[in-house]
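Here come two complexes built around chain A, the first alongside chain B, the second alongside chain C.
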Partner chain A sequence: MNHQGTKTPRLLLPWCLGVLVVILPFLVKSPYSMHLLVMAGIYVIATLGLYFVVGLCGQFSLAQGAFFALGAYGLALLQQKLHFPSVFALLGGALLAALFGLVVGLPTLRLRGHYLAMATIGFGEIVYLTLKNWIWLTNGPDGLNIRRPFWPGSVMAYDRIYYFVVVAVAVAAAFAAIRVRRSWWGRALLAVRDNELAASSLGVATTRVKVYAFMASAFLGGLAGAMYAQAETYISPDFFNFDLSIMLVVMLLVGGRNSVGGAVAGAILLGFLPEWLRFLKDYYMLIFGALVTMLMIVMPNGLAGLWRKAVSSKQ
Partner chain B sequence: MNLKPGTWNLKPLLEVRDLTVAFGGLKALDGFSMSVCAGEIHALIGPNGSGKSTFLNAVTGLVAGRGQIVFNGAPLLGLPPYRVFRAGIARSFQTPRLFPSLTVAENTLLGLHVECARKTARELEQAAEAQLARTGLAGRGALPVDRLTAAERRCLEIARAVAHSPLLLLLDEPAAGMSAAERQALAALLREIRASGTAILLIEHDLKMVADVADCVTALNFGKKIAEGAPAEVASHPAVVEAYLGKRQENGTQINADERR
Partner chain C sequence: MLCLAGVSLAAEPVRIGIVTELTGKNALAGQQARRGAQLAVEDITGEGGIHGRRFEVVIEDSASNNAGAVNAFNKLAARGDLAGLIAPLRSTQVLAALPRINEIGLPTITGATNELITRLGCRWIFRNRTNDGLAAQLAVVYAVKKLGARRIGILHDTDAFGTGGRSALTNALRDLYNIEPVAVENYNTGDRDYTGQLLNLRNAGCDLVISYCTNEPDIGLILRRYRQLGMPYKWLGSPSSGTSISLNITRRAADGIYVFTDFSPERATPRGPTYRAEFRRRFGMDPDLAATQIYDALQLFAQALRRVAGRAAGQSASGIDPEALRQALLETRHVGVAGPFYFDQYGNGRHDEVIATIENARQKPLEIIDESAIRREPLPAGSIPPAPPYARWATAGQLVLEGIALGSIYALVALGFVLLYNAANLVNFAQGELVMVAGYLLATLATRIGPLPGLLVVLAVMAAGSVVFRRCTYDPIAELAARDFTAFIVTTLGASIFLKNLARLIWGAEPALVDSPFGHGSLEVAGIFMPTHEAGIVAITAAALTALYIFFQRTMVGVRLRAVAQDRETAGLMGIPVKKMIAIAFAGAVLLGGLGGVLLAPVYFVHPEVGSAVSLKAFSASIVGGFGSVPGAILGGLLLGVAEQLAGAYISQAFRDGIAFVLLILVLIFKPSGLFGEKSGERA
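Up next, the complex of A and B:
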């Protein structure tokens, strides 16, 4: 076993990635590419949220898009109707999503099995239709304009600065997720996922730990949505449809739902994939779907599983 | 510490009265009563399907039943499983229910879950390591669960269950599939757990093992108590012999009540 050969790249890799993340916004030329980078970071935050409930807890949530929407609209309405400063509106949006996480999670997570998946599909539709039709509050399909937290001049400059805000939040969320996995809470969640009866027979209040996970997931989804609103400066219900929820789950599954690194990698890969496949035009969804299906068959544990296999085979 | 039957001047730790558990029309337990005293190893025997596991499930809140269960002076029936554990009852399962996503050490740490708020990570790890050493799994902490042998898995399940020092430990056939040497080690472990102040209710098929470790035996058939007393008494009780070996018919042949015996 070559000790040096395996240790060095492992230490080197995070540094290289870190440098890449920092210099990337200065390498891209167009505002559009800059915007894509910001969106990738936002997807990372939302997907990390799903890691808590799908990865650690083993429950499928198809409402991450709805929490994303609640965060975005929460921020917009707190700013417009209650004149909250940007930072507080951002947190308020995320907390609003977490509150809805509690309301949806409490009744459904008491039950074992995939009730959460069903309940979240319904909840997602309710949120989407409410945003579209409650015109007095949400301005309906016309959407809402969002005030920027700061104005440095051009759109490109704004996105470039906002990119670093997003990256900082994403990194903090990733470290939080890693810490949670190693904590008593992460252990309890995995135990509940593996064998709920045995976990409850060891004093784990299973409903409580699951609801906390779902709330954490909704919080990060809402935070991502609120940041999306600030980055985009305009929101309308159409972006927050069922496809967004599906997309976020697929990001986590492609990355590997058992690892934080997988969640990050999956979100970045699928954040950019639509752009790389743009030349396919009408066939885009067909090829995209086939590609994702193939990835899941070839690597059921996602990119993270592939990475682990590669590292262990080298040793 | 070692209370023999007949010296029950203490209030029993666990007292079950007229417990009935029905699955549809089938009564898995039918007006069953028994009690377990502090500091004893109490064996519960009976042929397959006699209601032993159902009894453990009813006590630990996994199935609903009618009747009365009093533990340590407080009613227990109707509490969810995690509250039963917090009241002081830990259990193992007939087929070990370990957590394959977690390592051996992390599985043991789950047994200390309710202490997490009060102790540092280091204290918890040391406590878990001590439980592994106690059950003969020292040095296996970092392994994934699926690298353990069947007997080691049963020991890990016991380590996890006793980590929080329960007042009562319920074991569902812990010796199943173990070799003679492993059974002896298990018997020694059970005695050590009893000495540490945890009473044990043991479901066991092997009457030799029961005679070896139990202070008191209750025999169960068709959801009803058929005999209770010292191991030797119960083993020779006509109703128990009949339940285990089958009924002697007029022509002198025996019908096996339990295929495994």
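Up next, the complex of A and C:
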């Protein structure tokens, strides 16, 4: 940290990335790639949420897809049934997800490891079935169309503006995650992760800090879901299935669960991977599966782990 | 300059963009669609293309889901060189993509039948099939007028197609005859068991059931069960009940049912015979709905294009003015392979249905009915006969039996989880895919060497395969896994995705059928029907559990395994080779999963997703019973199997899978050690 020599490149890199993030939407030509950029930003937000539970707190949650869904449907229903303005509906969707995070977290976070993983799968399944079958509320499998908050005249222009909204939220979420990690709460979470018994003997209210982490995770998951709804302008239950939860967890693990930068990198990489590997066609998912297994073997700490290794070996 | 532009324009092909399901759960339909498109392109080219311009298609994948469909349309939109589009067959995907289709502003033909699609104000969408509203009216007319049905029940999928069909049927019954369905039952796509619904329909005293089922594997199993249970009502099914895929599943079980469909493979149309002969010659199979819908859609486009291709195209890069093409489509009259087409103001292009029956596992068209048959003729009050009485206890008994058979399979798979968990504190997220692979292996072998020898070979292969599985998912991370339980979850999640897609590549998306060594009949005792295969499941499970008990109690290896489960470190210090024991546990877990798979295969057939559902349930069952406990896994499995059946029949079929998880979460909260287990909630 105190090395004068390493300070310059360390500052240079974020600036370059920042400039790239700003000019990227003006480099892409097709509406399709533009939309992918928006989606990648949305995945970043959801994965950052997961970072609170899995990364900081060491709990394995497979419910992030469900919170994503709650945020999306929360926004849609607040808009359509209660006529909330877009911004409030967006926040409302995220808060609804956080509320569910509290309701689910309170009883289940006493569980650990595989048990919690299973309970979160169960929760996700129940949310999915409800979205599908409560047709009076959610319009069931036909899904809901979402009003765009503004309309600049073309899909491309809309996505380009919305991209900056997503990036702003993602950057804010990343900074929040970094701040939290350095706060008392963050240290308490890490203590719970490393040894729950020791943490509680040191006066950490373990269940309470875990529930807060779960709520923060649900809030960001819900926010991402609500933004997905506005970006996609259409939602239906089949997107929010178990595979989405798995995808978000894998994004975090590939990036490196112990690092905010890793969460961001993992989400971007896996957000684009299906497109880059589209030439593989039928073989894509096969190779994706093999990659997931291999990544865990070759780099258990994800991209962030590789990066740290590369930096430390340079010094 | 103008002349040059004309020449280069003439050299430029006319392109139609197609969005279909090349990957994902409906990949089979996408494959057929691609074949239909291929034949259409060749035929249109053979007829001289579009005024000398070549005719081409560009296919994009919807990955069988809504977001994928929207993405695919975005991609096609970005090309800018297309003259028209073909949207997927699934209503839910088309509804999702409709705003995009509207923005793109090109004439788009779809085969999706949900009525809403052409009613939402999108002027670019055309449909070359009979919509659900009309189809339901025609089905109801046939049921009431020709089959004399009065107590009509409805069975539908909970997806967009099924729920749309349910409302259309209910509305048609009310509007035309002023009657209500006497029972409405539903299921979620891919549910594997339909006994509760079929019994409820009988108990409501239905004399005929109209089904709206999206996927062939579902309706295939429903009809098979309908026969095994000896249900007394007649059956009138939506198109999927009469396709070659579902008839291949049901074999003779579907004989005698009626099908209403806008696509009958045997329908005599001018183009039909040559098209079918060519399709068979090229691809070695009969063309289905997906192939024929695309073929007809492209022919419709070609007809309309030929009329506008010469005209000025305005700004369009494709050289075809979208507005002119739209107008030309509206004016097109064409008799395709599936039947006659003409578009009304909403873009609906088909206006008739074929009523067929099934004879010797083939569709036999009975008659064609069209709009002219629809008349409002309210039935007088009291024309609905009362429901015959039924025995409540027989229904409950049937459900419990069914639950025990299904629960036996949960128990076997759950034991696989417990074995690995006890030996090495691992939870295998690919357990379900081992079940699936075993099922596929049996499907492949059973037809060649018979079901029973096939079963033995599969178990041997699975035992050997367990070594590969362990080397790939556990050995490289063994040290890490001891500290961090997520490591093995991730490697097995990867393995699960890998195996599912490997199966899809090797065996295709079509569900593989397996003949049971116990046959597909059923034994009737006092009004309760027990399918012979399910009796076999219970017997084999009982035998396997006894063998396992003897293994654990009476053999050295079994005792050592139990020692490792109790305390790995101490067991190691006592000279028990822990690594070897873990290897044996892997073999055991894979074998138990495999046994579950081979027993499951003949009842529920095999497809790439079959394992995930079973393994999630089995894992829940083992937690409900008490994770880590052998009797807990068995009792938990049986309990869950029975609970699901009863809850499904008496509470809600649509939420049946959710009920299993509610049970799970309740147990986790109030008795984390499980109903039958020792306290182990703290172990993780």
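The definition used in the following text is that the second predicted complex is superposed on the first by the 306 of 315 C-alpha atoms of A that agree within 3 Å, B and C clash if a C-alpha of one lies under 4 Å from a C-alpha of the other, contacts with A are read in each partner's own complex, and residues count from 1 in each chain.
Note that a contact is a pair of C-beta atoms (placed from the backbone, for glycine too) under 8 Å apart; a residue touches a chain by one contact, two chains touch by 3 or more.
None of these values were measured; they are calculated from a predicted model.
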item	value
Touch count on chain A, higher of chain B and chain C	C
Partner chain(s) touched by A:F288 [first = chain B, second = chain C, both, neither]	second
Partner chain(s) touched by A:L102 [first = chain B, second = chain C, both, neither]	neither
Contacts of A:I126 with chain B and chain C, given as first, second, both or neither	second
Chain B versus chain C as contact partner of A:T206, first or second or both or neither	first
Which superposed partner A:V19 touches (first chain B, second chain C, both, neither)	neither
Partner chain(s) touched by A:A168 [first = chain B, second = chain C, both, neither]	neither
First (chain B), second (chain C), both or neither touched by A:R187	first
Chain B versus chain C as contact partner of A:L82, first or second or both or neither	neither
Overlap of chain C and chain B interfaces on chain A (superposed complexes)	none
Touch list for chain A against partner chain B, complex	184, 187-188, 190-191, 193-195, 197-206, 258
Touching residues (chain side chain C, partner chain A) in the complex	22-23, 65-67, 70-71, 74-75, 77-78, 91-92, 95-96, 99-100, 103, 114, 116, 158-160, 163-164, 188, 421, 427, 472-473, 476-477, 480, 484-487, 489-502, 504-505, 612, 616, 619-620, 623, 627, 652, 654-655, 657-658, 661-662, 664-665, 668-669, 672, 681-684
Residue ranges of chain B touching chain A (in the complex, touch as defined)	60, 62, 80-82, 84-86, 90-91, 93, 97-102, 106, 109-111, 113-114, 116, 124, 160-161, 164
Touch list for chain A against partner chain C, complex	30-32, 35, 54, 60, 107-108, 110-115, 117-119, 121-123, 125-126, 129-130, 132-133, 135, 140-143, 145, 155, 232-234, 236, 238-239, 242, 246, 250, 253, 281-286, 288-297, 300
